[in-house]
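Some structures are shown below for you to check.
In the two assemblies presented below, chain A is common to both, partnered first by chain B and then by chain C.
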Partner chain A sequence: MRQLSLIDIAGGLVVIAILALAPVLISSNYLTGVLTVCVIYGIWAASWDFMSGLTGRENFGHSLFIGTGAYTAGFLSSIWTANPWYSLPLGVVVAVAFSILVGFPTLRLRGPYFALAMLSTSAILQRLCLIFWEYTGGEEGIYGLDPLMKTPLYYYWFALGILAVTVIVLTLLARSHWGLLLRAIRGDEATCQAAGINVTFYKIVSLMISAGFAGLGGALYAHYQLQVSPPLFSVVVSITVIIMVYVGGIGSIYGAAVAAILLTLLTEMLRGFGEYRLWIYTLTLMMILFFLPNGLIAPLWRRMTERLR
Partner chain B sequence: MSDLLEVNGVTKRFGGLTAVKNASFTLKKGDFTGILGPNGAGKTTLFNILTGFMPPTAGSIHFNGELVRDLAPYQVVNRGMARTFQLTRPFIGMNLLENVLVACMSPRASQDKDKEARARHLLAQVGLGGRDKEPVETLPYGDLRRLEIARALATRPDLLLLDEPFAGLGSSEIEQLAQLIRRLHREENLTILLIEHKLREFMALVSRVIAMNFGEIIAVGPPDEIVKNEKVIEAYIGKTEDSYASA
Partner chain C sequence: MLQILIYGAVSSAIYAMLAVGFTLIFGVARILNLAHGSFYALGAYSAYVLTSVLNVPLLIAAPLAVLIVAGFGVLMERYLVRPLRASQLAVLMITLAVSLAVEQALFITFGSEYRNVPSFVADKLTIGGVDIGGQRLLALVMGVLVLLLLWLFIQRTRLGAAILAVSQDPEAAQYMGIPTNRIFSIVMAISAGTAALAGILVSPFLTVQPTMGLLPMVKAFAIVIVGGLGSIPGSIIASLILGYSETIVAYLISTSWTELVSLVAVVVTLMIRPAGIRAAF
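On to the complex of A and B.
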């Protein structure tokens, strides 16, 4: 299908190289920490884009997968004192299990059921964390997770590597015949049915893939913060991820990841503005989405590289 | 030879309106049958029921001896019954090749390793060869109909249902499309069921007619008999003044 062109690969390598070298050139633990969060948001945004961006079924509760992945890590590492390396695969497994739980009954229906079910399930889990505080630590959450790496810099490189793998895998999938089917589902479900395609199956599997990467990102985040708390399930997280995808250019995967990194950096850089920070951030987003409804990153990259293709 | 399609007592009610009333008919392998009827006669509703897009209120549908009434549309397609839509529904934002390629990935279609080669072959077969990369947005209506047929053919149907393939086309386009459909029937050994309310094109094409009016099948027979059938004439032109007077 639409294969990766050399210029896309080159662009990707340059971005990864800059991200990898930045904390070496500007040696600061603060920057390394910020970049780690940037990279994890990149994983979340790319994974949202794969399902919702391609099939057009908006998921308003991506924090469900992020939170379940993170809490899985929390329980395993802190409470059951398991080897921290179990967190990543098991975070994926639990998030995927939740995607089946919500996706199976709601993705066969038309209308907003899926979006609402995702939104409410993530909200319910946030409440459950508070109700069962004896097990989940309530507002405080779970503390004392074991770190995966010796230094923050190694951990950042590790997270960056996972982001790179996430973007590469999801981009290849999105540009394969599989991705074509998902885009067809976005176009017209009835025509897909008439073409003999089991629409529900493809939507559920794409949600499982999306959830798996989100859960992986959640577990990564937990082992960066070394604690997990209920706001990980919040609507704010879900909406932030959706905005990142729209700024990146929906359906492009790499655009979502780059936008996530830039917007997370922007939030950090605006800290100097104190209480005006939210104003500036929100206005910037509104301007981008108003003037560039197709997003900023992916359309810009396509235009910049048009002549080189 | 056994019947390919067996429709028995199919009824569809929308609230108080009966769109299809107790429809029963059979199709044999290789048949070229048309469903004739004025607007609102229940033709498209019947198509939607046959292809699983709508559940019937009552009745049964057997295809290749299997009950297909409760199957989802994609399952019906994968048993060998494919359809086109009256209002063409291409995948916007994709080119011609990609549009057909989607159908080439259905379970029934995907025996080929090289799906793109098959999609290209299908496009050529319906007269859209060499235009793989064209976007569908700019395609004229006649070509969109061909694209619909290519997509349906991709699923290797035994029975092809065409919903008003000539609607909105000019006479030269109609003639070319009719030739294509005739060729597919002959060369691909397809059984075809076609809806149309344009009498002239229709009668020249089909070998058997099922005439419907107000949701009911009012006559079945070869075209030359159907055009003389009183009930059919009545449905199309209305009763003569004499018959009103005597009524």
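On to the complex of A and C.
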């Protein structure tokens, strides 16, 4: 992976500045809301990319971590009426706990076990939310969470700050010795193992990190919507996140975050298509798989800035 | 007691029909088909359209629906999966995309409300004091029959021998003059067809709606993992284990907990015997 250059940092700062100023320049609650969702999707996509993009172990149930983070916030705020700020760290803890539960038995193994287990676990948890409706509110979910901030604008800035921290932390990790090991695992797991690297340990810890950020994003989302409901666990959420990472360029992290923001905005614009929206999404995925296997955002950025380095 | 025995057998048969197709296409073509659940849903919906909209008699509609779905499976394998076969991840992605596309297409055309498919047999039977719907019994009988035929087909015919050869070593099979790609198409047709048949058989007594494929597919994953990926006898035994444990849990505790059975089974299998029960043979 090439060195982080000044132009990358400048580009990042410009993007953050545009995102921070957009709702001030165009003062509309609608835009602020949409951008908050964009930013939260950015956190989810970047966290997916850290584990699956770097190690090549595809996670088909990221919604498991998103949903558990959000439901933790829901239970905490509505049932035990605790201080709403507890829900962010606790959402992280619960999501990480689930990542150990699924990751420990499956990441030791080769083959598609991890992908299948993630997909199954998220699907079953969604089902359990409906079955144990006395506790989870069933189809309607849990209502009436407390907002964390006074105005939506402050909350948006807060979420944007968390996205920035997420991307910076994950990028630094990905560029460290640690990230090099993860990429080496993607390249050739057997060789890594032969070189004395505890492959399983690295994979599980990277899944825990990924789950932690996803859970944080989930709790943030819960406090934005002020409600949580079973579709948070759905396969659709997982696949949406995966499509975002693919569009961004797998393994790049910043590309995933930018693609998540752009695609969420695009989805808002496609709202007129109503129920055809997901179709358009799925078709996008198929096109990308066939024609742009390296993604769009990260390769584009690299090409654009090639001269300036 | 007898009730558990019969109902467990019915759900085992349905699970086995789903799991065998899933494990077959993985074992032969190394395709992990996340669209397997949509074959099941498409089977049920094709039967619904043929019987309730086009008024085709049920006995003609059912085989026709199986053929339609098998054709769909073959087309999917040929035009979407085969160009991407080099990468396992791309195959997973494309099949997941297909399953979502199918689910959305069903949702857009039929809406989310439940649809009804007429029963093949309306009578209720009483076996040893236990009432059981004839349709469930039919599902059991058909399931056993299909698995038996499949076994005979693979073990006793030339084509079956070719399928086994490809599953052991596709390249060597190709050198021996076996048309590997055609074998993949045939296996995909069988896999999609059995899943569709399972969907048709359960449609009269379970709900027919766009998302109906997801959960049975998750069960099929669980069975295939417990049975050992790619192993047909393993997945049949695992279907029996899972079908019966779910029925027992439903009777002894409550139906709410049945969904957890497969999850626990998967976790336990992966912890203590990742190769599945196949390793015992």
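Assume the second predicted complex is superposed on the first by the 287 of 309 C-alpha atoms of A that agree within 3 Å, B and C clash if a C-alpha of one lies under 4 Å from a C-alpha of the other, contacts with A are read in each partner's own complex, and residues count from 1 in each chain.
Everything that follows uses one rule, which is that contacts are C-beta pairs under 8 Å (C-beta built on N, C-alpha and C of every residue); 3 or more make two chains touch, one makes a residue touch a chain.
Note that this is a predicted model, so its numbers are computed, not measured.
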Open item on the list: A:L116 in the overlay: touching chain B, chain C, both, or neither? Say first, second, both or neither.
Closed with: second
- [ ] Applying the touch criterion given at the start, work out whether A:L262 contacts chain B, chain C, both or neither, answering first, second, both or neither.
- [x] neither
- [ ] Name the contact category of A:L180: first (chain B only), second (chain C only), both, or neither.
- [x] first
Open item on the list: So in the superposed three-chain picture, is A:I239 touching just chain B, just chain C, both, or none of them (first/second/both/neither)?
Closed with: second
Task: Comparison of chain B and chain C by chain A residues contacted - done: C
TODO: Please indicate which partner A:V199 is in contact with in the superposed arrangement: first for chain B, second for chain C, both, or neither.
DONE: first
Open item on the list: With both complexes superposed on chain A, which partner does A:M149 reach: first (chain B), second (chain C), both or neither?
Closed with: neither
Open item on the list: If we count contacts the way the header does, which residues on chain B are in touch with chain A in the complex?
Closed with: 51-53, 72-74, 77-78, 82-85, 89-94, 98, 101-103, 105-109, 115, 151-152, 154-155
- [ ] Provide the residue numbers of chain A that touch chain B in the complex, in ascending order.
- [x] 177, 180-181, 183-184, 187-188, 190-199
Task: Interfacial residue positions of chain A with respect to chain C in the complex - done: 56, 58, 60, 101, 105-106, 108-109, 111-113, 115-117, 119-121, 123-124, 127-128, 131-132, 235-236, 239, 242, 246, 275-276, 278-279, 282-283, 285-286, 289-290, 293
Open item on the list: Residue numbers of chain C touching chain A in their complex, please.
Closed with: 32, 34, 80, 83-84, 88-90, 92-94, 96-97, 100-101, 104-105, 107-108, 214-215, 218, 221-222, 225, 229, 256, 259-260, 262-263, 266-267, 270-271, 274
